Structure formats: C-alpha cells, structure tokens
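Each of the next two complexes has subunit A plus one other chain: subunit B in the first, subunit C in the second.
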Partner chain A sequence: MNMILRELKASRRSLIFWMAGILAMVAGGMSKYGSIQDSGQSMNDMMAAMPKSLQALFGIGSVDLSTVLGYYVVVFAYVLLMAAIHAGLLGANVIAKEERDKTAEFLMSKPVSRMQVLKSKLAAALFMIVIFNSTVLVVSVLMVQHYGGGNEDAGRLAILMMLLYLVQVLFLSAGAAIAAVSKKPKQAVSLSAGVILITYLLSIVIELSENLEVLRFATPFKYFEAKEVLFDIGGDWMFIALSVVLSGVLLIVAFTVYQKRDLNV
Partner chain B sequence: MNVIEIKNLTKTYGSSRGIEDVSFSVEEGEIFGFIGPNGAGKSTTLRTMLSIIYPTSGSVTIFGKDSVKDAPEIKKEIGYLPSEVFYYDNMRVKDLLKYSASFYKKDCRKRIAEMAEIMDLDLNKKIDDLSYGNRKKVGIVQGLLHEPKLIILDEPTGGLDPLMQQKFFELLKEENRKGATILFSSHILSEVQKMCDRVAIIKEGRIIAVEKISTLKENNHKKIRIETKIPVDAAIFEFTGVTNVEQDENTISFLYSGDINVIMQKLAGIELANLWVEEPDLEEIFMHYYEKEE
Partner chain C sequence: MNMFIHELKSARKSILIWSLALVGITVLFLSIFPSISRDADEFKRLIEGYPEGVLKAVGLQINTITSFLGFYSYMFLYVMLCGAIQAMNLGAGIVAKETSGKTAEFLLTKPVTRLEILAAKWRAVLVSLVITNIVFVAAASFMANFVAVEGVDVTVFLLISASNFIIQLVFAALGIFLAVVLKRIRSVLTLSLSTIMVFFVLSVFGSIVGEEGIRYVTPFKYFDYAYIAEHSAYEARFLVLGLVLVVMMLSASFWLFSKKDIHSI
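And now, the complex of A and B:
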C-alpha cells in the first residue's frame, strides 16, 4: 500500500494536468458544436467536400455533424488519442523511473520483491487511468446533455468509456512491458511513445484505404469505433477479447522479465 | 555463525568488468572491511548481495538464506547505504524517511528523530535542496532507522566532513555493540583501519586477500629509509624481502620483510648519514599487496 500511495502522490500533478486537458478538449470541442449547431447541414456539406484523407485526419468518417452525438464522435477521436498517450507513457514511466532517477537501489534494498513493486506500480497506474476515464465520462455526459438538450443516451457514453478503458489498459500494459524489458530506462518512455505514434498512424492509414481492414488487429485505435458504439451495434466482441488477451500477455511479459533482469543502477 | 557467506560469486556484464570467483564470509558481530580501488567490483558485489543484479554463477547466503530466493525476507534485517544517494526529488527529508520506515513493521519515529539530531539533519528540507553531504546523511538515517542486524555500507563517508564522519563512526560502533554486523566497503584505507576487524581486498574483480587488520599490520614489514654520505647504487638492495625501493639522490627507502639481521649486516657495510626504521602504514602494505599480484 505504501508504494501505491507513493506512486499516486508522485503522479498527482501530472494527472491534474491531463484532467485539465480532457476538460479543455471535450468542453472546448463541444462548445464549437454550440456555435455551428444552427448551420449544421452546411457544416456537413463542407466536410463532405473535403478530400477523404483530410476527413480521416480530422477523425470525421461519415458521421452526421449536425447531431450532438455525431459531433461528439469527432471530439472523441482526440480523447482516444490523449488516453492512449497518457496510458502508454504512464505504463512505461511508473516502471522506468526508478531506474532513470536512480532510486531503484533505494527501493530494492527494502524488504519487497520485484513482484510486489510491479504490482503496486501497476495498481496505482490502473487507478490513475480510471480517474482519467471517469473524467472523460463526466465531462462528456455533461457536455452532450447540455448541447443535446438533455435528450441524449448517457448509457451509450458509459459503454464507450468501458471500451476506452480496455484500450487504456492495453496501452498501459504495452508501456509497462516495454519498460520492464528495456535495459535502458531512458529509452523506455520514448519507445512507448513510438508505439503509440505508429499504431495511431496505422489507424489513419486504415481509415483511408478500405482494403486494409485486416490490419485493424494491429492497432488498438481501431478495436472499436465510437460511431458504431454510439449509434448502433456497440463493441465488437472479438476485439474486446483481443484487447483483454493482449493486455494479459503483455503484463505476463512485464512480470516475467522484470523479476529476472538486472536493474540498471 | 556467518552472517554473510559468498561462494565463488561471479558476475559478468556486457562492458564493465564485473567480479570473478569472489568468496569470503563475514561473522556475526564483525565489522568487515571491503577494500579496493574504484571500479574493482565492490559495488557490483554489494548489489549482487541485495539482488539488485543477479549472480552469473556462485551464491550469496545471508542469515543462512539464499540472497536471490529469499531476498525480501533477508532485507527486513539489512540496512543498505549505496555509494551514490539518489532519492525521490520532490520529497522532503521526513517524507522520504517515513516512506523508508513504512517498509518495516516497526515504529521508527523516535529513532529517526534521534539520528537526525546526532547527524545534524534538517528533516523539513526538500531533498532537492540538500548538498551531497546532507544527502549522504539522509542515506545513513534511511539505512539505520529500522535497527538492522546487518549494515551494508558502500563508500559511506564521501561528502561527510571529518566531524560528521566521526559521529557516523560512533553511531556504527554503537550499532555494532548492540549486535549488528557491518560490511564496510571503501577505497580509503585509514577509515577501514579505524573501524574494521578484518578486510577483504578486491582488485580487478577478484579477491586477492582476506586478512585481519592486525595481521596486515604485523606481517613484519619494516619501512627502512637511509641517508648516505656518498651516493650509493640502490641495486645493492635487490634481494629477497626487499620491495618498493625508491631512491632520491642520497636517500633510499624500501620495505623489508625477513630476518632483521640480514638487512642490518647489509646496512652496516654502507657509510650512513642517517637511518629510519618504521612500521609501514596500511596504505603501503596495501600497495605492496597490489604489486605482488602484478
């Protein structure tokens, strides 16, 4: 418990910044909806006139921007990217920082096993992404209700957040596995950032080209589509299972390697 | 009973030297010195003992338990002061010490206050703002606050002024009186000489001697220095038992171990202006060990 608390305290400030970022992104993004609400259809026409590549870049694939949830789908694309960056960097950071800041020698001279250290750090990180996720949920529900006149389905948003959480956990596990395996703590965080960037770019490429659907497996950004979750079918069970299994495998890798390798001090 | 038993411990890593076939043991209640120049493998040995890094081969047994398998159990009774002290920057000294204490099922508050008093350490300062010496003090308190049965110190005196060193040594001696075993690594002989009962000497990753300090001092080495009236060729001292011959014009000095009559007869044949026969200090014996190895 002491290690979990320490971790939470250490990341407190950064988490507050991220929460402010979510607020700015969701509230700021949705407030734009307020200003285009009246000219909704013309907005749709303008977007439709844009080349497909630009549409993909903005995260606008065939959604109706004149509805509040349609508009929210666009905002959510950025929230998803933020969540992935937050979780991926957090996962790498909680583990790599003891070695990077040279506190590993202090920590490992205490009566704790590597297993306990890793468990505590991941527990703290999982808790922090819950906070991140809840913030997104609360701000999103408030904004969508505000601009939608209170008629929108908050339950759908809650399901969306659960799927978001799975993706967060996956990126967190990937970051943790990278940091646990990497012998150079300073590289772990940048490697993790690289993985996020590559999978994100891949998701855009998939969006652009119809015949690359099969690559959806390779990028968690494509494990679910906000527009599908919000408008009809919900999540895809196969991808939900895939993200759970992948997270599990990555965590097993993290635990196995971290217990066996020499710490870099 | 042996508190520490190191058997044929080898640790090799990529680029750095590591250690090879290190074996020694430390008895309960002993203050054991671990001495060698920087980079000889002292920290590698200590870190392997603490499972911060793992042995390539060989084993370490502490309190009769395996240092890898039973690491968390063993560490309950170990206090460790690393050679370079790094702590969570944003913490205050007292928070760091509280955090450190939270790993042990003991109330350490009184002890923290006591030691901070002795070491003259301001508990309310941020660790960021501390000087090297003050960080070292945090390290000392952090390592001793749970009254460990085994204290492992890696170059503990760096950055401490002589007065503080004195207080620190007294603190250690007090712990030792209460029953703690101490493993004291250093490259400074005089402090090891002051503190320790026995020493292991490590050089380029290998243990070259494990000796009692008293044996080291009494192994019959004499430091002899002569001043001659006319220049003499130092080559006349090239015979068994003579080492470290140095000549500076009319002065020749060397270390001698062997039958004292032999050297006296030799000296009697020379026209002397002056003669000094001294006990060599540990430093010189130490260098002697090193040269013998080469």
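And now, the complex of A and C:
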C-alpha cells in the first residue's frame, strides 16, 4: 500500500497536466462544434460515395460533422492518441525510473519481493489510467450533452470509454514489458514512444489504403472505431479479445522478466 | 571544436535512427500513392453525373489533394511530427544530459566559458539536423521519381521538404530553452513528446475546423502547401516568425545558461 501511495504521489503533477490537457482538448475541441458548415445534401452524397482513401485525405472521413456525436468522433481521435501516449510512457516510466533515478537500490533493499514492487507499481498505474479515462468520460458527456441539447445517448460514450480503457491497458502493459526487457532504463521510454508512434503512423496509413486492412491487427489505434461504437454496433469482439490477450501476455512477460532482471544500480 | 566533435559523436546513433525513421515514413506513405491516384481517377469518373457547381468545387479539390505534391504535403505532416520530436529531444537532451548524467561538473571546470559550451552544443544540433534532412530529402526525391506520374515541380517539392528543417530549428531551440529554464528534466522524451503532441493536435484540429489564428500558434502550420504551390515561396511573415522565435529562444538560453545555478550532484 505504501508503494502504491508513493507511486501515485510521484505522478500527481504529471497526471494533473494530462487531465488539464484532456479538458482543453475535449472542451476546446467541442466548442468549435457548429463552426464547420454543413456542406449540403449533394455534397454529403458525394462524400459518401468517395473511396475511403480519399475521405481520409480530405481529413474528416465519412462522419456527419453536423451532428454532435459525429463531430465528437473527430475529437475522440486525438483523445485516443493522448491516452495511448500517456499510458505507454507511464508503463515504461513507472518501472524504468527507479534505475534511471538511482533509487532502485533503495527500493530493492526493502523487505518486499520484486513481485510486490511490480504489482504495486502497476496497480498505481492502472489507477491513474482509470482517472484519465473517467476524466475523458465526464468531460465528454458534459460537452456532448451541452452542445447536443441534452438528448444524446451517454451510454454509448460509456461503452466507448471502456474500449478506450482496453487500449490504455494494452499500451501500459506494452510499456511495462518494454521497460522490463530493455537493458538500459533510458532506452525503455524511447522504445515505448517508438512503439506508440509507429502504431499511430500505421493506423494513418491503413486509412489511406484498403489493401492494408489486414494490418489492423498490428495497431491498437485501429482495434475499434469510435464511429462504429457511437453509431451502430459497438466494438468488434475479435479485437476486444485480442487486446485483452495481448495485454495479458505482455504483463506476464513484464512479471517474469522483471523477477530475474539484472538491475542497473 | 573538441566539444562539438564530442557532441556529434554521441549523437551519431540518434542521427542514424531518426534518418531511418524519416526515410521509413516517406517510403511507407509514398508507396501507397499509386493506389491513391487510381482511386482518385475512378472517383472522378464516378461523379461525372453530379451537378456542375458541386463538381467544379470538389473536382478541383480532388485534383489538388491527390496530385503527387498534394499527397506529399499531406504525408509531410507526419514527417514534421517525427522531425519535431527528433529536434526537441536533441535540443533538450544535449543540455539536460550534463545534469542528469552528472557530467556537468567535469565539463564546467574545463577552461571554456559557458557560452562556448552552449554554442558548441547548438552547432552540433544544427549539423545533426542538417545530416538528417539531407538523408530525408535524398530518399524523398528517389521515391518521388519512382511513384510520381506527372512532372513534379522541383522548386515546390524542395521548398516543402526544406520546411521540415526550419520547423526543426524552432523545436530544437525550444528544447534548449526548456532545458536551460527547468531545474531538472527527469525524462527528456516525455517532455518533448508531450509538448509536440500539443502542437500537433492543435494543428490537425485547427485545420479541420478551419481556424486561421492557429497558424501563428503551431509551427506545424507555418508553411502552407497551397501558398507554396502557388507562389513557389514561403509566406514571409511565417518564415520571419519562425526565425525570430529561434533567435529569441536561443539568446534567452545563452543569457540564462551563463548564470544558471547548475547542481553537479
């Protein structure tokens, strides 16, 4: 418990910054709702007939920006990116920082097992992710209700946040596994950031070319589409299962490797 | 000169990695360009039956966006994203590492002034960025020869490509400035990644909602493709704005660094 509290305290400031970032992003983004003029029916028809790749180039895809939820889909794309960066860096930092800041020796000489150390650290990180996620949910519901005149479906947003949570956990586990495996503590954060950037760029490229649909498996940014969750069916069970399994595997890797890790002290 | 060579040597690996990253992005994106232009042709045939007014507006837009240079400037945003991260990391890291690596004492007791130290570091940053950009432009030109069907306006192509360097200068100066101002940077990458993401999200989002003022805020929007294509030149006020920012942040850094309280333990 001490370790969890210590960990939470240490990341307090950065979490507050992230929460302010979400608030600015969602509230600021939604405040622009309505500034995009509806381009008329024949234009919408034409956009719908457009190949997916061209829609992506035009920058808005096939959502109807004149509805509040359609507009929210655009905002959410950036919330997802922020959440991934937060979770990925958190997972790597929470483990790597002891060695980087030369506090590993102090921590490891305490009468707790490495297993307990890692458990507490990950518990703290998971808790911070929950806070991040709840902030997104609260701000989003408030904003969507405000601009939608109060008759939008908040339940759908809650489902969206659950899927967001899965992706956050996946990036957190990936960061933790990378930090457990990598030899140098400084490398861990860079590698984790590299993974986030590469998967993000991959998700952009997939948008541009239908031949690359198969690569959806390789990038968590594409495990679910906010548009589908908010407008029709919800998440794709295969990808939900995939993200849970991947997170599990990565966590097992983190735990087994960290048990035997040669710490840089 | 010694310091300069030492810095350049220690940046060797990062120059290599980032050059490869930029080349990778370029190859990845440009290799899907042929399928994009095919999609565009098909779509143009498909919409021939639409009312003339709509056709004129959209057809023109499609021609611009799906031309080689249009697509290049679209993907260039992601090149700039990576370039900015490289530059800011380099700028912040090159200053912060002396404190975090406990080498500040060693360096500062040498018979050189602090100004000379920072100047050598800045020169090393400049040279690293120049090398990365040369590699990138070479790869981009090679790919352009490979995939572009119509003749490419070389001046416009080079102007777009070179804008990455100018934006990198801004972010490198920002990195140095922050490293000098902040007492201690625990993780350089976390700092630069989150700062750049803020600018990145601002610029993408700003262009979706069509906010003109955002162009003054985020360097990613300093160089507008449409303007470059039309005038074969940069917009003077944004070029000046960028360079003024660089000079201001650097002079502030030099001034503050020369009297900074640097802790060596």
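Note that in this section the second predicted complex is superposed on the first by the 239 of 265 C-alpha atoms of A that agree within 3 Å, B and C clash if a C-alpha of one lies under 4 Å from a C-alpha of the other, contacts with A are read in each partner's own complex, and residues count from 1 in each chain.
To be clear about the criterion, contacts are C-beta pairs under 8 Å (C-beta built on N, C-alpha and C of every residue); 3 or more make two chains touch, one makes a residue touch a chain.
Because the structure is predicted, anything quoted here is derived from the model rather than measured.
Of the two partner chains, subunit B is the only one touched by A:262; subunit C is not. Judged by the touch definition given at the top, the superposed model places A:101 against both subunit B and subunit C.
Touch criterion met: A:109 reaches subunit B, while subunit C stays clear of it.
When the shared chain is aligned, subunit C comes close enough to touch A:211, but subunit B does not.
Shared-chain residue A:2: touches subunit B; no touch with subunit C.
Which of subunit B and subunit C touches more residues of subunit A is settled by the count: it is C. Contact with neither subunit B nor subunit C is seen for A:134 once the two complexes are overlaid on the shared chain. Of the two partner chains, subunit C is the only one that A:32 touches; subunit B does not reach it. In the superposition on chain A, the residues of subunit A contacted by subunit B and by subunit C overlap at 101.
Chain contact summary for the complex, subunit A toward subunit C: residues 14, 17, 21, 25, 29, 32, 35-36, 42-43, 46, 49-51, 53-54, 57-60, 74-75, 78, 81-82, 85, 89, 93, 97, 100-101, 189-190, 193, 197, 201, 204-205, 208-209, 211-212.
Partner subunit A is touched in their complex by these residues of subunit B: 13, 47, 50-54, 71-76, 78-80, 82, 84, 86-90, 99-100, 102-104, 142-143. Taken together, the subunit A residues at the contact with subunit B in this complex read 2, 6, 10, 101-106, 108-113, 116, 260, 262-263, 265. On subunit C, the positions that touch subunit A within their shared complex are 25, 28-29, 32, 35-36, 39-40, 42-43, 46-47, 50-51, 54, 58, 61-62, 65-66, 71, 74, 78, 81-82, 85, 186-187, 189-190, 193-194, 197-198, 201, 204-205, 207-211.
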